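The two complexes that follow have chain A in common; it is paired with chain B in the first and with chain C in the second.
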Partner chain A sequence: MVPGWLGQRIPISIEALRRPLREELPVHLRFWLFWLGGTPLLLFGVQVATGILLTFYYVPNPAHAYDSVRQITLVTRFGWLIRGMHHTASQLMFVAVLLHMIRVFVTRAYRAPRELTWVLGVVLFLVTLGFGFTGYSLVYDQLSYWATTVGTNLIGSLPVLGRPALWMLRGGPDVNPNTLSRFYDFHIGVLPTLFVAVIVLHLLLVRLHGVARLQSDTRKETYDFFPDHVLREAAIGLVVLLALVVATMVKPPELGPPANPDITPAHIRPEWYFFPPYHWLKMVPMHVGIVTSGLFVVAMVLWPWVDEGLERVAPGKHLGMVLGIAGWLFTLVLLVLEALS
Partner chain B sequence: MSITAQKYIVAVLSLALFAALVVVGRVESKREEVYGGKRAPLTAASLDPQLQRGRLVFVKYGCNACHGPAGAGGIHNLNAETGGEINGLTKVSETYTPAELAEKIRTGVPTVEKADPTGPEPPLHMPAYRDLIAGQEMQDLVAYLLSLGAGKPKSSSW
Partner chain C sequence: MPSPQSRREFFANVVLGTAAALGLGALAERMLAFLYPVVAPEQSVEYPVAAAEAVPKNGGLVAHSPAGHVALEDDNGTLRAFSAVCTHLGCIIRWQPGQGHVWFCPCHHGTYDRAGRVVSGPPPRPLDPLPVTVRDGMVYVTLRVRPPTTLPDETPS
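Up next is the complex of A and B:
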C-alpha cells in the first residue's frame, strides 16, 4: 500500500503501480524504428503546452485574429518560439504518425487480436488531419483563409451529407465570421477531447495485448520497460524536442498578408499532408475523387480484415502486402506530383 | 547498449536541449534589440494612432458584421443589386471625399435596390448612424475607412 495519509486516501498498492513498469518487451523493440509510437504522444504534449500558451494571446474573431497572430509572432516575448514550435510540431506529428503507421503496416502488427488498436490508430491519424486543417485556418492570413475556403468547399461536394456538414462547419453558406469561432472550438475543444479519449483506448489496448511479436523473429528474450525502454524513449523524445527548437530558430514561423475575401490568390495550396487527396481531386472528376478518397479511408480503417481476407483467398501470396505497398507508393507519388506542380 | 550508456546519451541530449534553449534566449534578446519597444508593424492601421482608433470604432459599431473584417466585404444579402452581397469598403477612397463618406454613414442606406425586381426584398440594409457616431469617432472612422484600399497586398506567388 502507498504509506501514510496519502495511502488512506488513495487505497492502491505500490505493487499495482509498479506492475506496468515491469512489462517485458520483446527484443526486436530495441531497434529505433519500433519506438515511434511514443513520439506522436510526446508531440501531442508539446501541442497542448504550446497551444495553451497561444490561446493566451490569440483572438478567435475575424477582426482581430490576424493581428493577434502578428502580435504573437512579432511582439510577445518568445511568441515566435511558441508559435513556431506549435507549427513545426504539427508537421513533425504527421511524419511521426506516418512512420509509426508504416512500421505497423509492414510488420503486420494489426493482425488478430489487435485489429481495434489499428482502427483506433487510423482514427487518431484522421483526428490529426482535422487538427492540421482547423489549426491552419486560425492564422487568418491569405493562404490560411483561402485554403479553408477551398477545403470546406470539398466537404460540401460529399454526397448526401456534404451540404449540411458544410453548413454546420462554416456556420453559414460561406466562410464567414462564424466559421472562425467554430474552427477554433474544434481545434482547442472537440478534437483534443476526442484525441485524448482515443489515445487512452489505443494505449490501453497496446498494454492489454502486449507488444506484437514479429512474425519473422523467433527470439524469446525480453527486456524491461523500465528503465531500459524508458531511456530509449527519453532519448528519442529529447532528439525530437531538440529538432523542434532548432528548426524553429532556423525557420521561424511566417505570416502572409492578411486574409482578403476580395482577392483570390493565384495558387491556393493546402499543407503538404493534404497534397495526396488534393492532387487526386485535381486529376479526376470531383465526384469520382471524393468517392475514391472515401473508399481509401474505409480501406485503411478496415485494413486488418481486408488483409486477412486476401490471405484467405490466396494463402502465402502476400496480396495484402502488395496491395498496401501499392497504396502507400501511390499516395507518395501524388504527394510528390503536387509538390512539384 | 548498456543501461549506463543509455543514461549518458540521455544526459548529453538533455544538455544539448538546454544549450539550445539558452541560444533561444539569446535570439529573443537580439530580437528585442532589433525591434525595440514597438516591433515591426505590418499595416498602416497599426502605425497611425488615428487609424487605430478608427478601427476600434469600426468594430465597436459592428460595421465588420456586414462589411467584413477590415471592410473586406463578402457578406451575403439576398437579391441585393450589388451582386447579392454587401459591398466591401476597400475602394471607398476612390469614390468618396471624407465629407461625403461621413454623410453616407450618417444617413445609411435605408433601401437596398433589388437585383431581380420580381425577387424578394434584400434582408439587410444599412442603418443611419446619425445619432450614434459623431465628432472624433466619426473623424477616426472616416480616416480608417479611407485608408483601407491603400497598400493592398498584391496576389502573392504561393
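Up next is the complex of A and C:
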C-alpha cells in the first residue's frame, strides 16, 4: 500500500500503480517510426498550456479580437513566442497525426480486434481538424473571416440537418458576433473535452489489447514500457519541442489584414491541411464535392471493415492496401495541386 | 446469488427507467433548444445602395448596405441587381469580365454571366436576382432582411 497518511486517504497498493508500467512491448517498437503515437499527445499538451496563456489576453468579440491578437503578438512579453508555439504546434499536430495514421494503415494495425482503436483515432483526427478550423477563425483577419464563412456554408449545404446545424454553429443565419463566441467555446471548451474523452478511450484500448504485432516480424522478444520505451518517447518529445521552438522563431505566424465582411480577398485559401477538400470543391459541382467528401470520411472511419471485406472478396490480392494507397495519393495530389495553384 | 426480481420490483424499475429516460430526454432537448438562436422573421426592405452614376456604363460594381451585398450591372442602359453572395459557399463576387463571364468569385473560381447564370466553376445555381429601381439619382434595391432581436423592457425577477 501507499505508506502513511496518503495511503490511508488513497487506499491503493504500490503494485497496482506499478503494473501499467510493466507492459512488455514487441521489439519492433524500438524503431522510431513506431513512436509517433505519443507525439500528438505531447503537442496537445503544448496546445493546452499555450492556449490557456492566450486566453488571458484574447478577446472573443469581433470588435476586439483582431486587436487582441495584435497585442499578444506585438506588445505582450513573449506573446509572439506563445502565439507562435500555439500556431506551429497545431501544424505539427497534423503532421504527427497523419504520420501516425499512415503508419497504422501501412502496418494494418487496425485489424480485428483493434477496429475501435482505429475508429477512435479517426475521431481524434476529425476533432483535430475542428481545432484547426475553429482556431484560425478566432484570429479574425481576412483569412479567418472568409474561412469561417465558407466552412460554415459547407455545413449549411448538407441535406436535411444542414440549415439547423449552420444556425446553431453560427448563432444565427449569417456570420455574426455570436459566431466568434461560439467558435471560441468550441475551441477552448467543447473540442478539448471531447478530445480528452476520446484519447482516454483510445489509450485504454491500446493498453487493453496490447500493441499489435507486425505481420512480417516473427521475433518473440519484448522490452519494457518503463523505462525503455518511455525514454524513447521522451527523446522524440524533446526533438519535437526543439523543432517547435526553432520553427516558431524561423517562421512566426502571420497576421493578415483585419476581417472585412464586404470584400472577399483575391487570393484566399485555408490552411494547408484543408487544401485537399478545398481543391476538390473547386473541381466538382458542390453536391458531388460534399457527398464524396462525406463518403471519404465514412470510408476512413469504417476502413478496418472495408479492408476485411475486400480481403474476403479477393484473398491475397491486397485490394484494401491498393485502394487505401490510392486514396492517400489522391489526397496528396489535391494538396499539392492547391499548393501550386 | 441475488434473489430473483419480483413482479412488483420489475414494474417499479420499468417505471423508474422510463421516467429517467423521458426526463433526461426532455432536458437534452431543452439544452439543444438553448443553443438554437432566436431570430426575427425575414422582411422585404428597400435600401438605397449606390448613386446611379456610380454604376459604370456596360460595367458593374458591388455595393454594400447594412442589409447585404448587392451586385449592380449596367447592360446597355438596363440596370440589373443580384445578391453579390456567391451561390456556392457564400463569398462576395466581384466584377471581373473574362471569357463569357463578368462576375467572378475568388474563393472557388465560380463565374457568372450578365444574366447571373453560371458560366463555369462549382456554383449550383444562378445569382439571386433582386428588384431594383432608380429614384432621384439613387439605386434602390429590395432586400430580404431580418431585423435584430430586441430586448424586452422588463428585467427577470
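Keep this in mind: the second predicted complex is superposed on the first by the 341 of 341 C-alpha atoms of A that agree within 3 Å, B and C clash if a C-alpha of one lies under 4 Å from a C-alpha of the other, contacts with A are read in each partner's own complex, and residues count from 1 in each chain.
Going forward, contacts are C-beta pairs under 8 Å (C-beta built on N, C-alpha and C of every residue); 3 or more make two chains touch, one makes a residue touch a chain.
Note that the coordinates shown come from a computational prediction; the quantities given were computed from them, not determined experimentally.
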item: Clash or fit (per the criteria above) of chain B with chain C on chain A; value: clash
item: Which of chain B and chain C A:G294 touches, first, second, both or neither; value: neither
item: Which superposed partner A:P173 touches (first chain B, second chain C, both, neither); value: both
item: First, second, both or neither for A:G210, with chain B first and chain C second; value: neither
item: Touched partner set for A:G7, first chain B, second chain C, both or neither; value: neither
item: Chain B versus chain C, judged by how many residues of chain A each one touches; value: B
item: First, second, both or neither for A:L143, with chain B first and chain C second; value: first
item: Contacts of A:K282 with chain B and chain C, given as first, second, both or neither; value: second
item: Partner chain in contact with A:T264 - chain B first, chain C second, else both or neither; value: both
item: Interface residues of chain A shared between complexes with chain B and chain C; value: 172-173, 262-267
item: For the chain A and chain C complex, residues of the former touching the latter; value: 146, 149-150, 153-154, 157, 164, 167-168, 170-173, 178, 262-268, 278, 281-287, 289
item: Touching residues on chain C, where the partner in the complex is chain A; value: 32, 35-37, 39, 62, 64, 69, 88-94, 105-109, 121-124, 146
item: Residues of chain B that touch chain A when the two form their complex; value: 1, 3, 6-7, 9-10, 13-14, 16-17, 20-21, 23-24, 27-28, 31-32, 35, 39-40, 42-43, 46, 59, 64-65, 68-70, 72-76, 88, 90, 152-153, 155-158
item: Sites on chain A touched by chain B in the complex; value: 30, 62-63, 66-67, 70, 74-75, 77-78, 80-81, 142-143, 172-174, 176-177, 227-228, 231-232, 234-235, 238-239, 241-242, 245-246, 249, 255-267, 269
